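Paired with chain B in one complex and with chain C in the other, chain A is shared by the two complexes that follow.
Our next item is the complex of A and B:
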């Protein structure tokens, strides 16, 4: 693995074996994250974005789920590269919280309501850094201060229900960062929050990344948040990555019809004031994961669909130049149709 | 200065809300006495003009949902008055209310919780027709349901299916068809697209816009997503902690917000454009408790323009430019 690489996911497959059949939640996803980089994984419900992040943490509930293929290469703090897909539970426990930390969407359900926040932050520090409880609590207060919680020492003895949603997400971040992880996985961290609180949390994450230098894997469906936070973007649809590029080309020169469709379907505050044109919605529904369409899974909703090609061949992820990857058999024709020169 | 006026400006108000208050009592002690009140809606006045979409935006706890439900008398108001088509409906008895209920309908946020899983789609949409004794025969009702399904873009052949057989976006269409069944004049849409995926959200927003044009509906569109509200609304009221902070046309609100809260709210919304570099106003702290809101202006504790006087008087919602109202004592800013 390249020296600057922190994580490299190769052809990851996570399938769920349900009574109704096999759900291929993640079916051959590859991407990498460099040190200090923020990668956003975007997709709608059922795209497999959350399952991908859970697979990296090896938190896929088994049964029914299982990693059935692929590699998750990760460079630990000790510089050694390990394949997380093959680690046993004991060694994963050393990695979780220490090398890789995770924050979730719902800060209320991911904190334990019967322990004080101090105890919960200190737990990870005692576990991974072998510090005494007293030292750990001291460090916990410093962490709360770092994430901008006023009167951190007093707050240590608070229970989660005594805090607001934004405060609880700050506690989650404090907990996640308490052991200096090299990778922070943030799964829809601001979705449950109000916009003014979301702005606070995003600013905090940005600032902490500058200070600490960790990499962030940001899972979200909010394109505005992606534009603001990400260096690179992976767009997922029905268990596969359909486009991967740096953030600016993703938004300015998208090459996959699904990415184009997503961008056209969000109401734009800045544009709506100028010309109140109709939103260009993507027709149809997100497909049933048990019965994915043949060929390209997006073809029944795609306006560039061509019978005999899109519904037969599963397109490969191709490099269209400069690391801009697209999974569409017609991407070059579509670009030409739109009058864009590559 | 000429102000862009909504298409319906010349026509009358369909809904008039005046000094509306809804306080939820908190009881405590052995005698269950009222120890405090949650001031969910605290002195709110606005009109919805016939044929317009009025957007109501605010963060959680701002009171926007309570306003919507109080107008429909799904929640009884504590004080103030609600007029529908000129008639005061604030205190009329339930029996009389039924006539008005036919004219005012609601679309809910959660398309999973708001449809009875044991009823077929046909029965769900026909229920309001049965309750209000419309369309007469069962045959006529079935025809009306099929027509409604078509209207909201669903297949009329699916009339015998159950809600779980539909996706989130399709369920929201069913909820819309149910609201439209009784041919209402006024619709309260309470976060109708917030639970939907981005690609589906646009479909439902477009549908609502088409229906509004086609049927000449008047809509109170409640949402926390300012981009969606701005897109669909003619005018927008911004709420914070039970009060309206600013009220004006969508264009004005985005182009020249006059209230510090609106300014901050607009700057907090992440735009899907990585090349855009904006100055971000990050509000400090959380929304204060509606049990004990700050004195004077409720926003002053997080406002970057707050002065001593802000704590003293409750600012009136006053017209600062034609059709542009704000509740802020400072005219030297923004």
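Our next item is the complex of A and C:
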């Protein structure tokens, strides 16, 4: 594995074996994260983005879920590369929280209501760094200070219910960063917050990343957040990556119809009033994961659908130049078509 | 009027913990306060039983059986208030009705003294003391007898025995609940946490999975394998011994059937050792066990188990065995409700967050899930204690629980009915222990009710 690579996911397959059949929640996803980089994974609900993050943490509920194939290569703090898909539970426990930390979507429920926030931050520190409770609390206060909570020492003895949603998410971040992880997985960290707080939290994460130099795997369906935070984007649809590229080309010139659809469904404030268009919705719904459409899973909803080409074989992920990968058989034609209309 | 405004820094609110809030709510609940107060008095009474009782627990006066409560006189011969005194009592048979009557002889007055030196005892079992609430020289010289609430069939002071009995009756509930809680919580948490997640019990030696299993952590898994082999081997040996025993004593069709069954079982064990992966769903095993337990009528099970207690063992031993039986019969219900709670809490995001922080299963259960069930458990326990008190009283009442010369409320109540219906008419004081049972149960229920209101986070009052 390349020296600057932190994480490399190769052909990851996570299947859920339910009574109704096998759900291929993640079916051959590959991506990588470099050191200090932010990768955003974007997609609608049910596209497999959360399952991907849980698979990296090896927290897929089993049964029914199982990692059935692929590799998750991760460079630990000690510099050794391990395949997380094959680690046993005990060594995974050492990695979780220490090398890879996770922030959840709901700050309201991801803090335990029966402990003070100090106790909760200190727990991870005691667990992974073998510090005494007192040192850990001291460090917790520093962490709270770092995430911008005023009077951190007093706040240590607060219970979660005494804090607002934004504060709790800050506590969650403090908790995640307390052991200095090299990778932070943020699973929709701002979805449950209101917009002003969202901006604060994103800014905080951005600032902390600069300071600490960790990598972030950012899972979201909010394209505005992606544009602001990410270096690179992976767009997922129905368990597969459909487009992967740096953030600017993706937003300026999306090549997959699904990505275009996503971008067109976001209101834009940067255009002048005369250029504003009606928001376009992508017709239809995410397909039933038990019965995925043949060929390209997006074809029943696609504007550019062509019978006989789109619905026969699953398209391959092709490099269109400059590391911009697209999984669409017609991408070149679509580009040309768009070039004409634009 | 000026009010001093203290500038408090923003965000530094005095934090009141959940239990402080609950305590405030609890104190506002009048019935709970009453229940708590009465229970406190009862428990203090049990603690200081030696001090309250004028006589030791087993002191009996054979010629004063079923003596009615001693009359306490407050006025002297001239009708003036004086220090309370009692008279000597003589038992005589009324030659007209042929009933035994207790006749007072007030020629000498025995003044009741308070806080006197009495018969020595050991407070808490090891501190020597002899201070008693009531008494006098006459009491120790047995010139007169002080039976505040009458005496029982052996002429023992009922007032004292009620307090001695309180020690058993009131602690049996707590100890039995504690034990049932321990078993129930343990079983319930295992069952809830591992519901739908079967654990691999053993992997057959020739199963390809076994090599993978062994390679994941060689030494511990090798030891595990040896453990299973011992277990399976033991089982096979047991079956072998049983079947060969049957074969030696039977012939004809019987022998054929036993032989076939035995060989079948042995082959099955051999197959289990060699090939399949055996998984055990703890949830299923534990829950089916509680269902089997629940299918046997409680009283029947209690009585059956109590009969198994050998006669003639020391009363303390008997007390502990009764506790074990009570909690064995009752842990199932607690385990079931615990399972439900755990099942709900394990899906909470903070339980997953703890896992994502690298906490082990045991840590997630004990530190992150169990504390969430505490409020529920506290209420449940308070409401379970009276059930155990009643069960113990019931057992002792039918003579299978605590036995003479030890004392418990159920046992004392048993004496009330020992000689038929006359008890209710001729010796109503013998029913006083029943009142104590009644009061204790009612108070526990009041308190449980108050706790439930206080600890319910949705309660807004």
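Going forward, the second predicted complex is superposed on the first by the 331 of 342 C-alpha atoms of A that agree within 3 Å, B and C clash if a C-alpha of one lies under 4 Å from a C-alpha of the other, contacts with A are read in each partner's own complex, and residues count from 1 in each chain.
In the analysis below, contacts are C-beta pairs under 8 Å (C-beta built on N, C-alpha and C of every residue); 3 or more make two chains touch, one makes a residue touch a chain.
Source: prediction; values computed, not measured.
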Chain B versus chain C as contact partner of A:84, first or second or both or neither: neither
First (chain B), second (chain C), both or neither touched by A:248: first
Which superposed partner A:56 touches (first chain B, second chain C, both, neither): neither
Touched partner set for A:177, first chain B, second chain C, both or neither: neither
Which of chain B and chain C A:195 touches, first, second, both or neither: first
Touch count on chain A, higher of chain B and chain C: B
First, second, both or neither for A:227, with chain B first and chain C second: first
Contacting residues of chain C [partner chain A, same complex]: 9-13, 15, 17-18, 196-198, 216-217, 348-350, 352-360, 363, 367-368, 371-372, 374
In the complex, chain A residues that touch chain B: 44-45, 164, 166-167, 194-200, 202-203, 221-228, 230, 247-248, 250-252, 261-270, 272-273, 276, 278-283, 285-286, 301
Interfacial residue positions of chain B with respect to chain A in the complex: 59-60, 167, 169-170, 197-203, 205-206, 209, 224, 226-228, 230-231, 250-251, 254-255, 264-276, 280, 282-284, 286-287
Sites on chain A touched by chain C in the complex: 57, 59, 62-63, 88, 90, 93-98, 101-102, 104-106, 109-115, 123-124, 127-128, 150-151, 154-155, 157-159, 162, 172, 175
